[in-house]
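Can you read through this structure? Questions will come right after.
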Amino acid sequence: MPSADPSAIILEARGLCFLREDEPVFGPLDFALRAGEIALVEGDNGSGKTTLMRVLTGMLRPGEGEVRLDGATFSLDTMAGAVVFLGHQLGLKLDLSPRENLRVSSGLYGQREGADADLALAEVGLSGFEDEPVRRLSAGQKKRAALARLLIVPARVWLLDEPYANLDREGIALVNRLLEGHAQRGGAALVTSHGAVRFAGGEPRRIRLHA
Amino acid sequence: MTHGSTPTACAALLRRDLVLAWRRRGDIAMPVLYALIVATLFPFALGPEPALLARIAGGVVFVTVLLAVLLSLDHLFRGDIEDGSMEQLMLAPQPLALLVGMKVLAHWITSALPLIVVAPLLAGMLKLPGTAMPVLILALLIATPLLSLLGAVLVALTAGSRRSGMLLALMLLPLCVPVVIFAAGAVAAAQEGLPWAAPIAWLGAGLVMALVLAPLACAAALRIAMDS
Amino acid sequence: MSQSLSMGAYGFYVWSAVAVFFIVLLIDTLAPLARRRRNLRALRARIARQENRRRPGTPPQNESDA
Amino acid sequence: MANWVPLWLHRLGSPPVFYRFAGAVQPWALGFALVLGMVALYGGLFVAPADYQQGDAYRIIFIHVPSAWMSLFVYAAMSVAAFVALVWRIKIAEVVAMESAPIGAAFTFITLVTGSLWGKPMWGTWWTWDARLTSELVLLFIYLGVIGLHHSFEDRRQGARAASFLVLVGAVNVPIVHFSVNWWNTLHQGSTVRLLGPSHIEASMLWPLLTMMAATKLYYIASLFARVRAELVAAEGGKAWVRELLGLPERGTP
Amino acid sequence: MPSADPSAIILEARGLCFLREDEPVFGPLDFALRAGEIALVEGDNGSGKTTLMRVLTGMLRPGEGEVRLDGATFSLDTMAGAVVFLGHQLGLKLDLSPRENLRVSSGLYGQREGADADLALAEVGLSGFEDEPVRRLSAGQKKRAALARLLIVPARVWLLDEPYANLDREGIALVNRLLEGHAQRGGAALVTSHGAVRFAGGEPRRIRLHA
Amino acid sequence: MTHGSTPTACAALLRRDLVLAWRRRGDIAMPVLYALIVATLFPFALGPEPALLARIAGGVVFVTVLLAVLLSLDHLFRGDIEDGSMEQLMLAPQPLALLVGMKVLAHWITSALPLIVVAPLLAGMLKLPGTAMPVLILALLIATPLLSLLGAVLVALTAGSRRSGMLLALMLLPLCVPVVIFAAGAVAAAQEGLPWAAPIAWLGAGLVMALVLAPLACAAALRIAMDS
């Protein structure tokens, strides 16, 4: 792992700003995420949470300011699998089973030590659905299948866009459990939510966006 | 913790696309059937005169293959973009151009290869003389990857909802025309007993260039498409 | 006999036709047998999976306050 | 109409009953089909005399014509089943219609290939765009379309119903394709060769032909029943009778 | 309005059951919705809420039992616009603006008296976005655009599948406001949720599904 | 409270589909481009002999138009099903058959009409004599709505499936064989100075039947397809 130092800043935004047709979508943001930190991005509908996430993945180019990963300016080409993103679109192939979907992810991103697809699926509550095509899962089950990816992949930064949506209470607890585990392993995570759901693990950092 | 190696990633992606194609193996058979159908339609539309059919056989086979390849290319990236898999690919610690190349390879295997296998049958039904058959296969073996690669760039450009992509597509689509002209030309030459090596060589040169450039162009185009 | 087997000059055509007939119908006969076996195996697996699904949760049962 | 037909059909419409009935009939049908087929082939290939015009090539008739006949017969049977399936929503009819398609496609394929094998020595070409040949090819496409549509659905019954709909649409098309002989100015290569009407045919040639026709009918029944049984196991997976078949306990009892 | 009688049963399920490959997805359900009643369908992920909704719209055929609308067995052909459904897929055309989408809905279903597209859009908090293609809206804004349809269309029965997902707090209040207004006008509604969100307007009826 | 009237609903849907097509007018250009490419290709593949080209012109134009219509048919209902609009249509208090008819009409206007407009150009490139041109246009005007309607029934059947456009092609072929034979036959007859009214009349009769039956069949097929 490149940065074993627990107090090291992993992800940092400096004066980050995204412009769409020269209108700022979100204002200049400054924040730094250290190893083991979870930050909650809060804001109303349309305040720019998803846009911020896409900027942080490098998919969108920031209008002003910059994003730094492990202290270096980063782009799609240089971040080398350090980041995993879970968006409104889950990135699952409907014709593959959850297990096969996981195998693709671990092929692309590598596999965390000791991680196992079936264990991960059991942990997100999908035992018995390992071989069902994802097409046949309910909305919440699909979300869980996507969450299983987080348990497999060795990325240090998790960017989760509304991970709580479509999940039942047990599923919300599951997301919180996953985040706590990740923080304990020294990862960092940025999670968007509408504040309607209380994040359980300690008091997280909050980044507030205004529409 | 094991970071995925590039070969592993390529293999995983290729495998995924092949499995997906296999899950919908009906779709693999489809370009073949489609080509068969088109080949059937021509005698209906033109009348069944063998001499006339033989005359147009080469051209019809290539136009058909072009259409079938383009038809199936249409879905090359769309599915991945709509279900969020494209973001996963772009964030993976692997060169996007290589991953895209794998997707094109999978597409070629699942849609062009079956076409090449049935091409002799089609050509036979259209009375193409047997002497021209090896040239037809050779031309198809070179022209179809070329079409897949060019088509992939085209599809990548139109992938986003951007107008500019459309414009470029209009410019790129005619690029497929020379490919077909050379390929059909080679077959026509062979049919008449003329030398056919030159057009094949041109095609080969084009393929080499496309193999290098098209994945890069695709990757760039996809970045543009996702950046909205 | 060998003369009758060679079918004049047409042995190739006649025997190819017979061969195609038998090969196609043989495949057609064997396919459902294999499929039945596969289906039964898949069914056993599915039932096992479904038992597995039920184990962690409550038994299937629905209620409403109507 | 006598009411035993609907009654009998109603009873057979129950999947477990049909499963058992098919299981009892299938081996016999297959056995008789094999025996009759062998007898017919022996008669056709060795006993019947060579044709004065075509020499021994005409012996392909004993395969080609029964297969061609079956390719149409199976479509007719499939259409009836499809109609019943759509109107009365009978599961067995859906399964019968769908499982007929591959068999019909197989016979159509055999017809095409044996016709080609016959055409090469007789007409000097493997293939020509004669109306009858082409309509047979189109029939193959219809079969393949039905099979393709059936399998492109997640849900079995839904796929079966959609494909049954296509069977009926295609059935409307079959006569159109046949009449296209008149609309389409073909070369009509085959017309001169097809002088063998069954009535003109010699008895030593006729009996193997008729025997082969009976054998293919029986084969259709055998193959259809085997397929239906295979499909029913999957389609009725959750039902008690299949669980019993698997030797599993009733659902609910742990 | 066919049934002005406030105590009349609008939507009724009798022994309703849906089978998928002969497995029951949800067990026999009996419930009746009267004019002015709102019922909450609760259940964990994969318990069959979405499936129940699709059965109630007539899109899926019930395995056993029946659904009655205004006392008559109903099907897609007989219900004549009495039901409006909002599912996981919102039924919006991404290339049309919210206003254009609304115009299509009112063309198809008719328009409630005094209803106006721009007013409805303002009420769901989309003023200023009336002419933006829906493609450019955020997830929550899309949901709001779909909700605006409820304000326009004269259907008496609302079937809402997870209307709260993707919405911020203000959006959740909006859904509750819409439901209250609908109940007061004598409509009936069935709403699925995971119970993570508390429904505000009085104590609603609850229908519980178990996986 | 006003329940929507059927004409309003039809107008709203037609308008929606036309606006959507206009928003993506690039996609309208695609079939036309395909057709142009195919038409350009033939002179190259066959050599520029005017007599040969004229001989095949009618047939090639019809096959091309058929394939182009097929390409665009594939998307007729898919978008509506994927984004949940189809459920809205089915729940609307209007006869589904009529609504479906409107969708087919919109499809014909946006994809077949442009093809008919460029058809004289295509035919001209293929040296079709001017005398046969009016018959070509007439045949296209009758044959394309027929193809759209027949195609729509099949698309509706495949609506709930995970199918590709190719399956559609396979299913459509047997249905469109007679259409192609009649249409191309009429043009060939006109070219040779023979009477061409009979095949056109047959086509017309087919169109009338399809106008009545196809929307009903479509609606029935969609019901089957959505019931999953």
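Per-chain residue numbering starts at 1, and chain names A, B, C, D, E and F are given in the order in which the chains are listed.
Methods note: a contact is a pair of C-beta atoms (placed from the backbone, for glycine too) under 8 Å apart; a residue touches a chain by one contact, two chains touch by 3 or more.
Keep in mind it's a predicted model, so treat the numbers as computed, not measured.
Student: With contacts counted as defined, which of the two, E-F or D-E, has more C-beta pairs across the interface?
Tutor: So, comparing the two chain pairs, more contacts are at E-F.
Student: If you average the Cα atoms per chain, which one ends up farthest from subunit E?
Tutor: D
Student: Could you state the distance in Å from the CA-based centre of subunit D to that of subunit E?
Tutor: Their C-alpha centroids are separated by 48 Å.
Student: Taking each chain's centre as the mean of its CA atoms, how far is subunit B from subunit D in angstrom?
Tutor: Inter-chain centre distance comes to 36 Å.
Student: Please compute the C-alpha centroid of subunit A, do the same for subunit E, then give the distance between them in whole Å.
Tutor: 31
Student: Distance between subunit C and subunit D based on Cα centroids, please, to the nearest Å.
Tutor: 17
Student: Please list all residues of subunit D that touch 2 or more other chains.
Tutor: 138, 141, 144, 148, 152, 154, 184, 237
Student: Multi-chain contacts only, two chains or more: what residues does subunit B have there?
Tutor: In subunit B, 24, 26, 29-30, 33, 37, 40, 44, 47 touch at least two other chains.
Student: For subunit E, write out the residues touching at least two other chains, lowest number first.
Tutor: Touching at least two other chains: 23, 44, 88, 95.
Student: In their complex, what parts of subunit A are in touch with subunit E?
Tutor: On the subunit A side, the touching residues are 43-46, 49-50, 88, 125, 137-141, 143-144, 162, 164-172, 194-197.
Student: Using the touch rule from the top, collect the residues of subunit A that touch subunit B in their complex.
Tutor: Against subunit B, subunit A makes touches at 1, 57-61, 76, 79-85, 87-96, 100, 103-113, 133, 154.
Student: List the residues on subunit B that touch subunit D in their complex, please.
Tutor: Within the complex, subunit B contacts subunit D at residues 24, 26, 29-30, 33, 36-37, 40, 43-44, 47-50, 53, 124-125.
Student: For a test of understanding, state which residues of subunit C touch subunit A in their complex under the given definition.
Tutor: The contact residues of subunit C facing subunit A are 45, 49-50, 52-53, 56.
Student: Using the touch rule from the top, collect the residues of subunit D that touch subunit C in their complex.
Tutor: Listed in rising order, the residues of subunit D that touch subunit C are 30, 41, 45-46, 50, 55-57, 59-60, 63-64, 67, 102-103, 106, 109-110, 113-114, 117-118, 120-121, 219, 222-223, 226-227, 229-231, 233-234, 237, 242-243, 246, 248.
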